[in-house]
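Both of the next two complexes hold subunit A, though its partner changes from subunit B to subunit C.
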Partner chain A sequence: MTGLQLVNGLASLLIVTSLLVIEAHGVRRSALYYALQSFVLVLIFVALAATVDAPRLFLWAAIAFVTKVVLVPFIMYRTLGGVEDPALAPHRLAFAWSILLGAAVVAICFVVVSTVHLPVAAALKPALAISLAHFFLGLACIVMQRNLLKQVFGYCLMENGSHLTLALMANRAPELVEIGVVTDAIFAVIIMAVIGTMIRSRLQTLDVRQLTSLRG
Partner chain B sequence: MASYYVIILAIGQGAALLLLAPLASGFSRVLRAKIHTRTGPPLLQDYRDIFKLLKRQEIVPKGAGLIFRAMPFILMATLLLIAMSMPVLTLASPLSAVGNMFTFVCLLALVRFFFSLSGVDSGSTFAGLGASRETTMCTLMEPVILLALFVAALLAGSTDLGRISVSFASPSQGLIAAELAVTAAIAFAAFVEMGKVPFDMAEAEQELQEGPLTEYSGPGLALLKWSVRLKQLVMASFLIGVFLPYGAAASPSAATLLWAAVVFLIKLVVVFVVVAVIENSVARNRFFMTSHSTWIGFGVAALALVFYLVGL
Partner chain C sequence: MNASLLLVVLVATPLVGSALTFAASFLGSRLGPLVAESVHVIAISIIAFVCVVLAATVLADNHVFAFGRWLYLDPFAAILVGLIGVVGLLTGIYSLGYLRHDLASGTIGPAKLCSYYGFFDLFLFTMLWTATANNIIMMWVGIEATTLGSAFLVGFYGQRASLEAAWKYVIICTVGVAFGLYGTVLVYAEASAVLPNPGETSLWTVLIDHAASLDPGVMRLAFVFVLVGFGTKAGLFPMHAWLPDAHSEAPSPVSALLSGVLVNCALFVLIRYTAITTAATGPGLPHALLLVLGTLSVAVGSLLIFVQTDLKRLLAYSTTENIGLIVLGFGIGGPLGVAAAILQMINHSITKTLLFCGSGNVLMKYRTRDLRNVRGLTAIAPATGLLLGAGVFALCGVPPFNIFVSEFMLVSAGLGAGYGWLMVICLLLLTITFAALLRFVGGSLLGPRPKDVAPGDVGTIELVPMLALGALVVMLGIAVPQPVARMVANATSVVLQTTPPAAVARAPWQAGAELAAREK
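The block that comes next holds the complex of A and B.
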């Protein structure tokens, strides 16, 4: 098995873990699955660094490990862990539909990617398709989930997808880009977590459909 | 020479699975008792039950017809054919003329068809309800099995179960994600087909008094019980033999076959332990909620197809 196959294989794990993040029961489990997914992302960075000879990616992997595997899930787990809305418990049929939706999104993204001519990442087209699909899965999570906190996770998924795209296409970019990407993510997550807890304490709901009135 | 060997292997494999079936179900009963922290029946209890039933008198309901009488034999024969045709100890299928994914799916459907038909034929309400549930499960599970097997056939380039087993034994193609997703879908399907607790719809002991088995007695019931046990073992062996074939014999010699048998038994024990843990840690499903779970299996199979198409 070559390194490129390993990268592609690990990329498929990203889809599986993101489906778990979207459909997990409760924020704590979602945060743990998110940590798992970020760890897969770190592994992809390491495998990619070893295969395409891009030593900077090792540093990317280290930064991503600290921020995405440890810091962001920790923040989510601590600030949002106890915040639940029993009315929004996920449904088993919804899980089945998300898997089918995920499969459809991956297929469409692969069709899109295969029409683009890319000499840089010709062997990594499957992984590129997955990274694109991952972005759209996060978007779908934001659009389709009624749970406010799941939408925060949707944002994180989009962010992971674009991060992978960056690593595949521009893996010799300076670390500054990487640091910019992850600080952006951390601050966004902190702000959204604070807003989420405030909404829960003021309005006693996490359902975005019920956020129709202004309350001070 | 080769054909003799193949026939002996096929018959031996079928006979071994048939003889092992009550032991396997006894093992899962022991595990169930252990998880409940009670003593439970001895390991060989199912053999005793079957032998006792074989000696008893058979009573047939008044309105029951030929289907009712013939069903135990049809069920047993069909399951034995599946047991003989699929690759278990060897990578290649012993009866390659029958060891095909289409014949496998059709034979499974035949089992379900006669099982539910006999339930209707017996005239009992419980049995009829069990029969309708059995056909519902058939409609829900067949897409999962078919789609997963289609992807497996695409991966192997052949619908022959032996070829599929060979391609899964050597993960050199690089399509690991697709292979894993197919294995997961088949494992799910095998679990549902084993009729263990969240999916014991047709023979639900607590609700339907064992469904289509209600009106059977004596030797007929013995054969049926044996067949149900055999089906559980066949599904587990199908998962192991075709999709987890590491350690199976590539060449026909006594030493490799012996080693393959040892590895197979270890894998079988692992599978039954996992199944026991799952079936004892979940509650019964409501029947109308079953489709919600089975759709997840179909989703995994669809994901496998997409992974194959994308080239993962």
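The block that comes next holds the complex of A and C.
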């Protein structure tokens, strides 16, 4: 197996793990699946660094390991672990729809990416298509989930998708750029988690459909 | 001190100010607020002073670079930095009175007051970062950071509605801006493959110089992502859903910052990309998209203003309408269209800051934003009533107030470029806004004095910044000052990548006076 095949293969694992994050019961399980997915992302960075001769990606991998495999899941597990809303338990039918949706999104993204002329990532188009699909799966999670903590995980998935795109297409960018993007992502998750917790304690719900006091 | 160092000072000052004001909350309930207010006033004063000095430097035809060319100030950026400096100073001073009122009424505690100034200065830092960034990825980081810096300000009061607004604000803007990252990465990747020095391919100054060699197909795709991403943050229809909620629930000086400068920051980044895309692909797609979204934003903003009974939501929808007008100006293009859009950015920023500060006074006096319960403001608080009236008439586009000048330029540009029907539609929509705002004047500013509201205006510390803003609204309406006109012309040349057009930003009667002087 060549390095590029390894990158493309690992990328496809991201889709499987993102479905697990979306459909897991409870925040704690979602946080663990998110850590697993981020670990796959770290492996992709390492494989990519060795394959396309981009040593900066080793540093990206180290930063992603500390922040996304350890820090963010830890924050989510500790601060949101006990925050539940029993009225929002997922049902089995939704999981089947999620798989179908995931397949459809991946197919569309493959078509879109195949039509764009991108010399930088010509051999990595499958991984690129998956990173784009991952981004839109996260978006779908935000749009379709009623649980606002699941929406936070939706954002995490979107962010992992764009992070992979960044690694595939902008891996020669200065380290400060990577640090800036990751810092933003971590603070976004922390701020969403804090506001989500405040809403839970003030409104006694995690259901976004209950957020209806502002209309018109 | 040289200009490069000043640019670093400009960006670093609010960050240091923010850290110190947050730290002040550990000094206790008496000393903490005092220290936080003092640090805040010093920080916003330094920022405003440095902004003026840097604007003068740029006006003398010097582009300023700093931090290994990652920070950059050209005339377009200098206008935005100037607005952040002026609006930051005036809303910062206004905040002193507004927050003391909240503290006295028990709405907030001393620690919360310190955190307000900490987040306020942090928000200024993120906007200054965006305005001065030359690296396109750091521009994106800056825009994303503006959301994160201001989220707690939107949810400041911790009430049901404010938390809901903060949640929608964070979710919609972070998701929207994530699209902007895709656009940014596409541009960067394309430039890395094409340009000779890969180390510089993320710099806007390098990209604009080599834009013609970028692949048009990739640039078109990137522009669509960028438009969705930064258009969300700018409050353009149909991505505007966060804007009325965030603007109405935030403390009034923060609403002024959101409406007066934040949306301009997002527009600024969008126009930076429009310049690159236009040079790479021609004006076809970018200008068409700007015209469509601009017109739709004007339409939706105007119609929703008409049905509002909440003062701050009314002002928020007016922001969507005005952002639509600005985008329309950039879409029309040409020196007059672009200059009109840039002047509208300035005029809208100043007018809307005045109006949101005025809405804060209304809240302090009436304890409500519901226009059905706000009556006889001019009789209750004459200075506030008069200043709000000036702001409302400016927003109506009535002479001799500032927005008339930029809207007149915009319509002239549209007619000159062959968009006659579009201009007729816009004028009809502006008439709807005019009617809605006149209803506000008749129903809330005028009328009999309610018995349950104590007469008397708010404090001097709230009125002084509003007086300064009111003076600017009139000054810019009577005649566009020479330095402003030159800066707008120079910024127009940055957007269009041409030599600066002559005397393009001026009131119609200024053109007449110049003609008369020439005939003599």
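Note that in this section the second predicted complex is superposed on the first by the 213 of 216 C-alpha atoms of A that agree within 3 Å, B and C clash if a C-alpha of one lies under 4 Å from a C-alpha of the other, contacts with A are read in each partner's own complex, and residues count from 1 in each chain.
Keep this in mind: a contact is a pair of C-beta atoms (placed from the backbone, for glycine too) under 8 Å apart; a residue touches a chain by one contact, two chains touch by 3 or more.
Since the model is a prediction, treat every value here as computed from it, not as a measurement.
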Subunit A residues touched - subunit C or subunit B, whichever exceeds
C
With both complexes overlaid on chain A, does A:Ile15 touch subunit B (first), subunit C (second), both or neither?
first
Partner chain(s) touched by A:Val177 [first = subunit B, second = subunit C, both, neither]
second
So, does A:Ile191 touch the first partner subunit B, the second partner subunit C, both, or neither?
second
Quick check for you: in the superposed arrangement, does A:Ala50 touch first (subunit B), second (subunit C), both or neither?
neither
Which of the two partners, first being subunit B and second being subunit C, lies in contact with A:Gln151: first, second, both, or neither?
second
First (subunit B), second (subunit C), both or neither touched by A:Ala62
neither
Which partner chains sit in contact with A:Ala129 here, subunit B, subunit C, both or neither? Use first/second/both/neither.
first
I'd like to know which partner A:Ala96 touches here: subunit B for first, subunit C for second, both or neither.
first
On subunit A, the residue positions that both subunit B and subunit C contact, one per complex:
none
Residues of subunit B touching subunit A in their complex?
171-172, 174, 176-177, 181, 289, 291-293, 295-296, 298-300, 302-303, 305-307, 309-312
Applying the document's contact rule, which stretches of subunit C touch subunit A when the two form their complex?
135, 137-138, 140-141, 144-145, 147-148, 151-152, 155, 158-161, 163-168, 170-171, 174-175, 178, 181-182, 185-186, 188-190, 192-193, 198-199, 202, 215, 217-218, 221, 244-245, 248-249, 304, 307-308, 310, 313
Where on subunit A does subunit B make contact in their complex?
1-2, 5, 8-9, 11-13, 15-16, 91-93, 95-100, 102-104, 106-107, 110, 125-126, 129-130
The residues of subunit A that touch subunit C in their complex are 116-121, 132, 135, 139, 142, 148, 151, 155, 158-159, 162, 165-166, 169-170, 172-174, 176-177, 180-181, 183-184, 187-188, 191-192, 195-196, 198-199, 202-203, 208, 211, 213-214, 216
